[in-house]
Amino acid sequence: MLALIDVVLLAFLAVTAVAIVRLRDLFAAVMVTGIFSLLSAGLFTVMDAVDVAFTEASVGAGISTILMLATLAVTQDVEKKRWRRRFSPLALGVVVVTGAALVYGTSDMPRYGDPDAPIHHYLAPHFLEHTPDEINEHIPNVVTAVLASYRGYDTFGETTVIFTAAVMVLMLLGGAATIDRRRPGGGRMGANVVLRASAKPLVPLILLFALYVQFHGDFGPGGGFQAGVIFAAGLVLYALVYGPDRAQAIFTGRRLEALVALGVLIYGGAGVAGIVLGGEFLDYDLLAADPQDGQHRGIFLVELGVGITVAAVMTTLFLLFTGRGQPAPWEDRVGESEGTP
Amino acid sequence: MSVWLEALSWLSMLAGSLVLLVTGLGVLTLPEYYSRLHATSITDTLGAALVLFGLAVQAGWSLATAKLVMVMLFLMITGPAASHALVKTAALHDLSLPPRRRQEDGDAGAD
Amino acid sequence: MRLAQARRTGRWTTMSLADFMPRLFGQLPAIQVVLPMITAPLCVVLHRSRPAWTVTLAVLWTSFAIAVAQLQHALAYGTMSYHVGGWAPPIGIELRIGPLNAFVLVIVTAIAAVVLSGCRAALIDEVPESRHHLFFAGFLLCLTGLLGMTSTGDAFNVFVFLEISSLATYGLVALGKNRRALTAAFQYLVMGTLGGTFFLLGLGMLYMVTGTLNIIDLGARLAALDSGAGGVNRTVLVALACIVVGTGIKVALFPLHIWLPNAYTYAPELVTAFVAGASTKVAFYVMATFIFRIFGHELAFGRLRLDAALLPLALAAMFIASTVAIFERDVKRLLAFSSLAQIGYMVLGLSFASVAGLTGAVVHIFNHAVIKSGLFLAVAAMVITTGSTRLDALAGIGRRMPWTMAAFVVGGLGLIGVPLTTGFISKWYLVLAALEAGTWPVAVLVLLSSLLAVIYVWRVVEVAYFQAPPEDAGRREAPLGLLIPVWVLAGATLYFGVFTGATAAVARRAAELLLGGGL
Amino acid sequence: MTLDPGLYNYWIVILLMMTGLYTVISRGNLVKKVIGLNVFQVSVIMFYVSMGKVEGGMAPILVEEAEAVYSNPLPSVLMLTAIVVGVATTAVALALAVRIHEAYGTLEEDEILEKEYGAAGPGAADGPVDDHEPG
């Protein structure tokens, strides 16, 4: 049964991938990319990677798509026709050779789903067996345990990656737009009563759900990253329906920048606390009298840091991209908040 | 679970799938924007609701059912709102019916 | 597996300074990376240019001090292993500081500190004041990524930090004044992401056949896996190809280099000075580590014949890039192509897979970093006076900016490999390695390619000293804040060219460790 | 070389990867390139997740049963990081695309080249022309 779903999803994925290459309407291509991500999220669920599926659904099908649409809104949404470039023999050659090499490489791989594959017998059993005694018996989600504690350093790196992206996009789009390309009809959504009425109850519910995902990550799929994205989705919905101006009245550029940094600092702080208390960086054992409590506290702090940074970064990105069509609301806001002591 | 409940759940899911299939066909075959929207808007209301109901019956009285009901509520709010927003935006951008159809309308009016 | 129990016994006792210092010393591998990593968000919070700059500069020089301390420690006591979070490898992530990567850490932090010290003078024109704090944060993040890649002992962790430094570099490159900086950054981003993803794919295959991610452990398990079967495992072979291609893009190995000339040319001069000095070097370090520590010298070169692929590419890079450099009319572009040629030397040293060759490659990492950063900083100084990097705008610059141009000449001599500059020893080792390997034509080619370097360096010198400056141009030396870093690097080029003992000894030690299986 | 049909999952994943790579190489539109990169990255993620699956296993969330078989948690952990890296790259790439569009008025690679170097192509490159101030 699962194998059947697997095959059907893979076939759908192949079809959407081909459609992505062929579509010249960028709007449609972006939407199909969103579908591609959603299908892969389904496939990840089938393959038991529920946390990855959750993240892919919220990031790939959610935030990435929104960012791409925002980009199209301030640029162009049709790929130009260039017949001579439609088919590229060179590219096809490169791809075929690479693909053939990779398929050659698969020939010594363990079969799909093989329980005897080396990776299931070396490190994974340790994580599965020792998470209850080394981390905390109340954290049944092994992925969270590995993510936040055993490989917490990677996750700190991951948080820094997303922080880096925010800094770079702020640097690129934070200034005034060189030209005003505001599209007619954009921003008129706010006038729509039905949208307002239906969004009003949803926004708090989405934010509540984000908090649930944030704090439920120890027990089930979820955690700081997914929660941050969902929280940002709530804010994005608010900004879409009520206009970015009202969203920016709450989250000025300066405040968002501070929040973006705050999450990384919380994470780093939890790590440095380990050093100060006499252990190693990111050693949570020492954060409480009992190592299990310490691990729990450490994971909580770290996930909180990730959640704050991700939510702030995603909101920042959205406001920067959509604000691009208008004459620099961002810079003004920054200036204002700088002016007031 | 009794046979009746089982049958109800499967019937509901099958009906839901049928609706989804028909709406998919509708999007492909219907001639223009507004009529296609008729098809799609049914997807996230009737189609999804039937499938979710079937799943909820399968799950019985559990946390999963509560979650499914939440999902259904969410879809019931967002689906129609999204369809509405799409139509409204199309109307704002003066997207009219395709030329052929409008001409026929015009001809009819002239008579 | 855990040391926590033992550690916890003395937890709340007050520590005397004598206890504290060794403990602090033991934490240096983590502090080295985490310090800039935490300072970056602080810079964003500080929000004003001057405080952010002060903090950044303090952190950079501290990082440099830490790196030097770690190098001394590694040379005196051997490799140090740090278990992040208290989890012993391969369960947890390990930081591993040996002579080789401590050496690379010193190079990277030194270049970062020197470049940023001279930065405020040049930065004012390049970036609007309101975004200086973001620039410093980006610079620190780029450094963090490079330090993280260098010091980690975990293969997947390399990928994470690789992406931090890459993302930061894309953004910094795009800050260039010319709009072509944007397209250069985009091209770099596309190629860099492809490289990173191929790297990830290769890593996945390695993980698949071994089940581990720790670099040392990977090496051991691959060796064990391989000894049983007669043939080469095909998945491992393809993994090697993916990793060489992935890191090759970051190194700018010859056919994968197309992002480099534009990125170096259109990025702000300071960014170029840092990226040219540090980024490709760290990527090269990663490539060498993966080839020698994971695949092992015997597997990669003995049976998979990696040298047969790398040697021609290295030679092609040396000659084609040098030839292109001769015909460039922009000094930054000229230096960019020269970098490609110099990367060719490093890859050449790697492809010999001998102690002499690797020593040459490692020494050249250091030499080229110092020389190229110095040259690009000198160019940054010239841009302040002339406003352009075109060769014809530099006419008579030797008379207008005698000190800056003198430093440029020192760097140029280093590029050629004149004795008593650092460039000489690396070529010496490369020629030695070629003769050792019995491939004397390669030795001749190394010398011949140096002649090409003479030509392109001479072109700049000719314009600078033998062409008259524009009528209205007076003598206008660079601001002292920039001139000092330029001369620090030029001085280093000379100093380490005369006193070759220290660098060569470290490089030799590192080379022997790499070939010896690397513990 | 024998190819086990049990590897079909990897083959299709490689096919998807190559579709992404082809999009990146062959398309001149910058947004299309970003989409291609996305597809490529998601496929590599799929590759990792595929290898973590154990037949008859369940998601690595511990339950009270002693006999439970779990799929491998480690690929999931690694890929969470990879997804984040992917979205970060996408964001920076799109920001660059927006800026490029503002500077050149187009997202097509060949039109940009034409505007920058004229009909002669990139070979006619001279030094930088300082005609564009950053926004």
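Here the chain labels run A, B, C and D in written order, and each chain numbers its own residues starting at 1.
FYI, contacts are C-beta pairs under 8 Å (C-beta built on N, C-alpha and C of every residue); 3 or more make two chains touch, one makes a residue touch a chain.
On a predicted model such as this, the values are computed, not experimentally measured, just so you know.
Participant: Could you tell me which chains make contact with chain A and chain D both?
Facilitator: Joint contacts, listed by label: C.
Participant: From chain C, which chain is the farthest off, judged by mean CA positions?
Facilitator: B
Participant: Decide which interface, C-D or A-B, involves more C-beta pairs in contact, and give its chain pair.
Facilitator: Result: the pair with more contacts is C-D.
Participant: What's the distance between the Cα centroids of chain A and chain B, rounded to whole Å?
Facilitator: 29
Participant: Indicate the whole-number Å distance between the mean C-alpha point of chain C and the mean C-alpha point of chain D.
Facilitator: Centre separation, chain C to chain D: 26 Å.
Participant: Quick one: report the Å distance separating chain B from chain C, using the average Cα coordinate of each chain.
Facilitator: That pair's centroid distance is 57 Å.
Participant: CA centre of chain A versus CA centre of chain C: separation in Å?
Facilitator: 30
Participant: Any chance you could list the residues of chain B touching two or more other chains?
Facilitator: Counting only residues that touch two or more other chains, chain B contributes none.
Participant: Where in chain C do residues touch two or more other chains at once?
Facilitator: Touching at least two other chains: 128, 156, 160, 163, 167, 170-171, 174-175, 201, 207-208, 213, 234.
Participant: Hey, what residues on chain D touch two or more of the other chains?
Facilitator: Residues 1, 17, 21, 51, 74-75, 78, 81, 85, 88-89, 92, 96-97, 99, 103, 134 of chain D each touch two or more of the other chains.
Participant: Please give all chain pairs that are in touch with each other.
Facilitator: Touch list across chains, by label: A-B, A-C, A-D, C-D.
Participant: Name, in rising order, each residue of chain A that touches chain D in their complex.
Facilitator: It is residues 6-7, 10, 13-14, 17-18, 20-21, 26, 29-30, 33, 36-37, 40, 43-44, 47-52, 55-56, 59-60, 63-64, 67-68, 70-72, 74-76, 79-80, 82, 85, 87-88, 90-92, 94-96, 98-99, 102-104, 106-107, 109-115, 117, 119-120, 123-124, 127-128, 131-132, 140-143, 146-147, 151, 154-155, 157-158, 161-162, 164-166, 168-169, 172-173, 175-179, 181, 219-221, 225, 317, 320-321, 324 of chain A that touch chain D.
Participant: Touching chain C in the complex: which residues of chain D?
Facilitator: Chain D reaches chain C through residues 1, 17, 21, 24, 30, 33, 37, 40-41, 44, 47-48, 51, 74-75, 78, 81-82, 85, 88-89, 92-93, 96-97, 99-100, 103-104, 112, 116, 126-134.
Participant: In their complex, what parts of chain A are in touch with chain B?
Facilitator: For chain A paired with chain B, touching residues are 185, 188-189, 192, 194-195, 198-199, 201-202, 205.
Participant: Which bits of chain A are touching chain C when the two form their complex?
Facilitator: Chain A reaches chain C through residues 101-102, 104-110, 117-124, 126-127, 134, 149-154, 156-158, 160-161, 163-165, 167-172, 174-175, 254, 257-258, 260-262, 264-265, 268, 271-272, 274-275, 277-286, 291, 331, 334, 338.
Participant: In the complex of these two chains, what residues of chain D are touching chain A?
Facilitator: Chain D residues touching chain A: 1-4, 6-12, 14-23, 25-29, 31-32, 34-36, 38-39, 42, 45-46, 49-63, 69-81, 83-92, 94-99, 101-103, 106-108, 110-111, 134-135.
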